[in-house]
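Here the chain labels run A, B, C, D, E and F in written order, and each chain numbers its own residues starting at 1.
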Amino acid sequence: MEILQLIQSNLLTPIILFFLFGIIAARIKSDLKIPEAISEFLPIYLLAAIGLHGGIEMRNTGFENMLIPMLVAIGLSLLMTLNHYQILRRLGKFNIFDSYALASTYGAVGAVTFSVGLSFLKNQGVTSEGYLAAILAVLEPVAFILAIFLTNMAVSKQIRQKKKSFTKGDASDLDMGIQETKTKLSQVLHESVTGKAIVILLGSIVIGYIIGESGFDSIKIVFDEMFTGAIVIFMIEMGIIAGQRLGDVKKVGIFLIAFAVIMPTFNGIVGVLVATVMGLSLGGSVMFGLLLASASFIAAPAVLRHAIPQANPSLYITSALGITFPYNIIVLLPIMFAVSTLVHGDGSIDLFNYITKDWI
Amino acid sequence: MKLYTVKLLTITCEILAQKNIIEILNKHEINAYTTYEVDGNGARGIRGQGFKNEKNVKVEVILREEKLQDIVEEISRTMFANFAIIVYVSDVSVVRTEKF
Amino acid sequence: MKLYTVKLLTITCEILAQKNIIEILNKHEINAYTTYEVDGNGARGIRGQGFKNEKNVKVEVILREEKLQDIVEEISRTMFANFAIIVYVSDVSVVRTEKF
Amino acid sequence: MEILQLIQSNLLTPIILFFLFGIIAARIKSDLKIPEAISEFLPIYLLAAIGLHGGIEMRNTGFENMLIPMLVAIGLSLLMTLNHYQILRRLGKFNIFDSYALASTYGAVGAVTFSVGLSFLKNQGVTSEGYLAAILAVLEPVAFILAIFLTNMAVSKQIRQKKKSFTKGDASDLDMGIQETKTKLSQVLHESVTGKAIVILLGSIVIGYIIGESGFDSIKIVFDEMFTGAIVIFMIEMGIIAGQRLGDVKKVGIFLIAFAVIMPTFNGIVGVLVATVMGLSLGGSVMFGLLLASASFIAAPAVLRHAIPQANPSLYITSALGITFPYNIIVLLPIMFAVSTLVHGDGSIDLFNYITKDWI
Amino acid sequence: MKLYTVKLLTITCEILAQKNIIEILNKHEINAYTTYEVDGNGARGIRGQGFKNEKNVKVEVILREEKLQDIVEEISRTMFANFAIIVYVSDVSVVRTEKF
Amino acid sequence: MEILQLIQSNLLTPIILFFLFGIIAARIKSDLKIPEAISEFLPIYLLAAIGLHGGIEMRNTGFENMLIPMLVAIGLSLLMTLNHYQILRRLGKFNIFDSYALASTYGAVGAVTFSVGLSFLKNQGVTSEGYLAAILAVLEPVAFILAIFLTNMAVSKQIRQKKKSFTKGDASDLDMGIQETKTKLSQVLHESVTGKAIVILLGSIVIGYIIGESGFDSIKIVFDEMFTGAIVIFMIEMGIIAGQRLGDVKKVGIFLIAFAVIMPTFNGIVGVLVATVMGLSLGGSVMFGLLLASASFIAAPAVLRHAIPQANPSLYITSALGITFPYNIIVLLPIMFAVSTLVHGDGSIDLFNYITKDWI
C-alpha cells in the first residue's frame, strides 16, 4: 500500500533515523547527551525559523484568509480537550487532576512535531500556508487555559461542597475560591502568553512579515538552510529523552498507551479533513491535522506543574513524548499525508464525497 | 570580628517548583536568597537527565530563627505532597546580622 | 514543626570519581543524593579549566548517623589515595526523618 | 528627509528588529533567554569573524596606511575620555569614581556595535578598510588604562593630602601609593591585553592575514556567510538584557541619559569627519565614527569592577547598554552613514568645505 | 574513623569579585577552595539574568579556625562596601585535618 | 624538501593556526575559553559528520573489503599496545599502572586527530575510504580493554603472591581476584561500547549508509559544509587546553617526551605502509597511519581514571594532548602524506621495493 511506502520512506529520513538512534542510545544506557545549552537553544532557533518562514509567506499571500482556520483550530482544540477529559475520566478512570492535565496536553500543540512536519513536507516537495505558524502560536495556550479553568472550578466546587456539609455554605468562601481561581488563571494566561515559545514564534512571524524575502536573504543560511540539520541534532536529544522514558511506558497503563495512539490519529485525521473543507492546500491540511494530533511535551510540564501540581507529570510527559511523539512523526504524519493527498487529489465533488464518507 | 548565629534554610526541589518556593519566601517578606541548578536522586527518581524542566534546583536562604518555623511549615504543608523536594536547616554564623 | 538532626555528608571530588562515590553509596543502600559540578583548587591543582572530565563534582547526601561512619570509612580507604577528593560532614535538621 | 529614510530602512532589518523584539520580550517579562553558553560563545565567534575578515582585507590592500588612522584613533579616544570626565564631573556632578568609569566606558569601543556596523554596511553594499578591525583591538584597552591611571593618581593624591594634615607628608607613603598604582595598572594592562576580546580579535586578524582568501574558503560558510544570522541571535539576547535595564534608565538621571545620546553623536560625527580627512572610504569613515561613538558594555564591567570598584556599575552598564547601544545602532549609524555619504559624495574641494563648515 | 571539627567559610558574591576573594585567600596562604556559579537576589537586586558578568559565585573554603578571623575581617573591610556579597561560616567535620 | 613544504603549507591552514593561537592564548594566560557546552557538543558533531560521511561512502563503494583492514588494524593496535608497555616499563621504568595506562592511551585512537586528518586530505584534494570511520569506532576500545585486562591480571597476580607468602595460596581468593577482574572488564567493555564517541560514530555510519547521498542533501550544509569551520572552533579550545598542559610537559620527563614523538612516528609510518600493502588509496593509507599514530586524550581519561585509578592521569593526558596531538597534526600528518604519496606514486613493483626497504 502507498501509506506503508510513505511510512517507510519517512522512516529512512535523517530526522527519523537520528530520533530512533537517540532512543537506542538511551536504551543501551550510553552516556551520549546533547549539552543542555544546545538543547535549550534549538527549540528557540527552530521556532524563530518557523516564525520567520511563516511571516514571509503571510506577506506573500496575505493573511485575511487565516481568521477562519484559526478560529476553527481554537474551537476544535477546545472541543478535543473536553472530549479527552471525558474519555480519560470516564473510560480511563483517571482522577480529575490527571484527566485535565492529560486532556490539555493532548489538546495543546507540539512545536517540535510541527518542525518535523515542515521538514517532512519539504522532503515531499509540498508547501503549506504560512499562517499555520500563527495558528501554532495561538493554539499553544488554549487547551491549557481551558483545563486549568475547569480544574480550578472543579476544585473550588469540591471545597464548597465540603464546606457546606460542615458549616452552612459561606458565600465569602465561595467568593474566595473564585477569586483564587481568577488569580491563578490570569497568572497562567500571562505566563502562557509570555512563555518563550509563543513569544519567539509570534515575534518571528511579525519580523518575517516585515522583512519579507529580501530582508531574509542575509540570514537565510542560518534560519532556512540549516533548519533540517538543526532538527536532526535536536532529534538526537529528543530520542534520548524519549528512550529514557520508554521504561516508564508500561507504568502509564494500557489505557493511556491506547489513548496516546488512537486520540492523535482521530484528531489528526479530523484536522486534515476539516482543513481540506476550509480550502487549505494539501500540505496545509497535513500541518493543520498535525497541530491537532500533536501533544505538548515541553510547554505542558512547565505550565501544568505549576497550575495543576496534583497531577502526576510522569503520566503526561511519558505518554506525550514516549508514545505520541514517535507515533506522530513516524506513522501518523505519512498517514495524514496520504489522506490529504486522497482528499485533495480529486475534483471538489469527489472531495466532498470522501469527506462525508470519512467524516461521519 | 564577632560572628552571630543565624539559620541557613536549604530547599532542594524540582526546578518547576522554584517559583512556588520564591513565592512563599516573598510572602514572608524574604527577598534575599541564592539559587543554583543541581541534579539529584530520591524518592521521585533520578532528576536532571532530560529536559531542563526535569532538573532540580537548590534554594538557600539565610534568615533569622523567627521566620524559619513559619516558612518551613508552609513549604511542608503546600509542597511536600506534590513535588520532589527536601528541606533542611543548618546553623551558620555571619558578621552583619542586620543583613538577614 | 519539630526538626530532627541528621547528618549531611559532602564529597567534593573529581568528576570521574562520581561513579565510584555513587557505587559506594548504593552499596550502603543509599539512593538519594544531590550532585552538581564545581570548580576547585587543592592538593591536586586547579580543576575545572579544560575538558569537562577535569572538573569537580559535589555529592551531597543527607543520612542518619548510623550509616555515616561506614561510608566515610569506605570512601577514605578506597579513594583518598588516587583521587582529588575531600569529604566533610555537618549537622542539619529536617522535618521528615522517615525520608532519610 | 534622506536620513529619516535611512533610519527607517535600518529599523526594518532583521538585526534591529530582533533587538527590538528582545527588548519587548524582556518588558513583558517573558522567560525567553538565549542560553548562557551560546551568548558567551557568540561574541567570540563574531570577533573571530571580524578579525579574519579584517586580516584578509589587510593582506589584499596592505596595512602601511593604517598607522596614522590608528594613532589618530588612539589620540581621539584619549581626548574624548578626558573630555567625558570633565563633562561628567563638572556638569554632571558625578563623583570621581563614577566619572572616570563612565568616561572610559564611552571612550572605549563596543565590539557588538562594530559587528552591527559591518552588517549595516554590507546591507548598504558598501565596504570598509580591513585594518579597522585592528584599530578596534588596539582601542579596546586605551580608554580604560587612562581612566584607571587617573583614578589611582587621584586616589593616592587624596590619601596623600589626608596624611599631610595628620602627620607631616611621609615620602614613603607617597611612594607606596605610586607603587600600588603601578601594580594595579600593570595588572589592568595585562588583563586588558590578554582579555578574550582582544586576544581572539588580534589572533584572527593575524590568521586572516596569513591564510588570505584562498585559505579562508574552507571556513567561509561558518565565518562569513553565517555572520549576520549569528548577530541576529546575539541581538535577541542583547535586546533582552537591554530591556531588563530599561527600568533602571530613570535611575541614572536625566543628565546621564542626555550624555548617553549627545556624546556618541558628537564623537561619532567627529570620527566620520576626521576619517574622511584622513582619506578613509565612505564605509571606513562610518566604521571609524562608530568606533568612537560606541560605548563598551561587555568589556567595561569586567575591567572597571575590578579596577574602580567604588564606581556604581549600574550607571555605566545601564547607560551604555540601555541607551547608547540602541541609539547607536538604530539612529546614529544611519546618521553617520548620511554624513559620510555627504562628505564623500562631492569632489575634494567641496569635501573640504563641508568639513570646515561642520568641524568648527 | 575519627572526625575533626574545622570551619567552612562560604562567600557568595558577584562573579567579578571572585578574583578579589581568591587574592585575599592566597594572601593568607590558602590555595584550596571550591567555586561554582549561582544566581541570587539580595540588597543589590536580582543577579544572574543577563551577562555572565552579572552572575554570582560561591566560594567555599574549609580551613582551621586560626585563619578564619583574619580572612573574614579582610573580606569585610575591603569588600562589603563595594560589592554584592555575603559571608557565612559553619562547622564541619573532616577526616584528614592535615589537609586543611 | 617536499616534506618541509608540506609541513609548512599545513602549518598555514586555519585549523593549525587556530590551534597554535589557542596555545598562545593559554600561555599568555588569557581568559579566552570556548564555553563548555560548545566544546562538549563539537566532538559529538564532528563524529556525527565523520560517521555520516563514512556511511555514505560505504554505500557507494561497498564494505566487503573493509574486513581485512579492520582486523589488521585491531591486530596492530594490540601489538602496539603491548610494545608500548614493554618500552615504558623496561626502558622508561614507569610503574605497572602508568605503563599500561600510557600504553593503551597510545594504542587507542583520537577522534579529533582523525577529524583534522580528514580536513587535511580535503585540503589536498585527496579522498579516503569511507570504512575508515568504522575502523575508528572499532579501534576505540580495543587498546583500553587489553590494557585493563592485563593490569587486572597483574594486580591479582601480585595479590595472589602476597597472599601466598602469608597463608598458603587460597584458591577462593584467586577465584575472587579473577571474578573481580571479569566484572571490571565487562563493565569497562560495556562502558566503552556505549561510550558516546562510539555510539554516535557507529550510529551515524549506519544512518549515512541508509540515507545515502540523496538523503544527506537536506543536512549537507550542517554536516558537511560547516565541518571545517566547526573543527576550527574546536581547535581553539584544544589549543587552549594543550597550552595549559605545556607547563606540565617538563614534569612528564624527557623519556616520555621522546616516546610521545617517536612512537607515533613509528606507528604511523608502519600504518601507512601496511595500508598501502593492503591496497588502500593514498588518502586511506594516511588515515590508517593516523589511526595508529594517534593517542586518545578525551576517551582515555574517562575510561582509565575509572579502570586504572592508580595511574597518574597527568602523565597520559599531558603527553597525549600536549605533545603527541600537536606533533601529529602539524608534523607527522604531512610526513605520512609524503610517505604515502611516495609509495603510491610509483608502480606496484617499486611500491613493493619501498615497502620492503622501509619495512624491515
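Observations
By definition in this document, contacts are C-beta pairs under 8 Å (C-beta built on N, C-alpha and C of every residue); 3 or more make two chains touch, one makes a residue touch a chain.
Computed from a prediction, not measured in an experiment: that's the story for all the values here.
The minimal number of chain-to-chain contact steps leading from chain A to chain F is 1. The interface holding more C-beta pairs in contact, when B-C is weighed against D-E, is B-C. Interface chain A/chain D: under half of the residue numbers present appear on both copies, so the contact uses mostly different residues. Once the centre of each chain is set as its mean CA position, chain B and chain E turn out to be 20 Å apart.
With centres set at the average Cα position, the gap from chain A to chain E is 47 Å.
Taking each chain's centre as the average of its CA atoms, chain B and chain D sit 42 Å apart.
Each of the following residues of chain D touches two or more other chains: 33, 35-38, 40, 221. Residue positions of chain B with contacts to 2 or more other chains are 36, 90-91.
Every pair of chains meeting the touch criterion is listed here: A-B, A-D, A-F, B-C, B-E, C-E, C-F, D-E, D-F. Listing the residues of chain B that touch chain E in their complex gives 1, 3, 6, 8, 31-36, 62, 90-96, 99. Taken in their complex, chain B has these residues touching chain A: 14, 16-17, 19-20, 49-54, 81-83.
Interface of chain A with chain F (complex): residues 12-14, 17-18, 21, 24-25, 28-38, 119, 122-123, 221, 225-226, 228-230, 232-233, 236. Those residues of chain A that touch chain B in the shared complex are 33, 36, 39-40, 240-241, 244-245, 298, 301-302, 305-306, 309-310. Chain contact summary for the complex, chain C toward chain E: residues 10, 12, 36-43, 48, 56, 58, 69, 72-73, 76, 80, 86-91.
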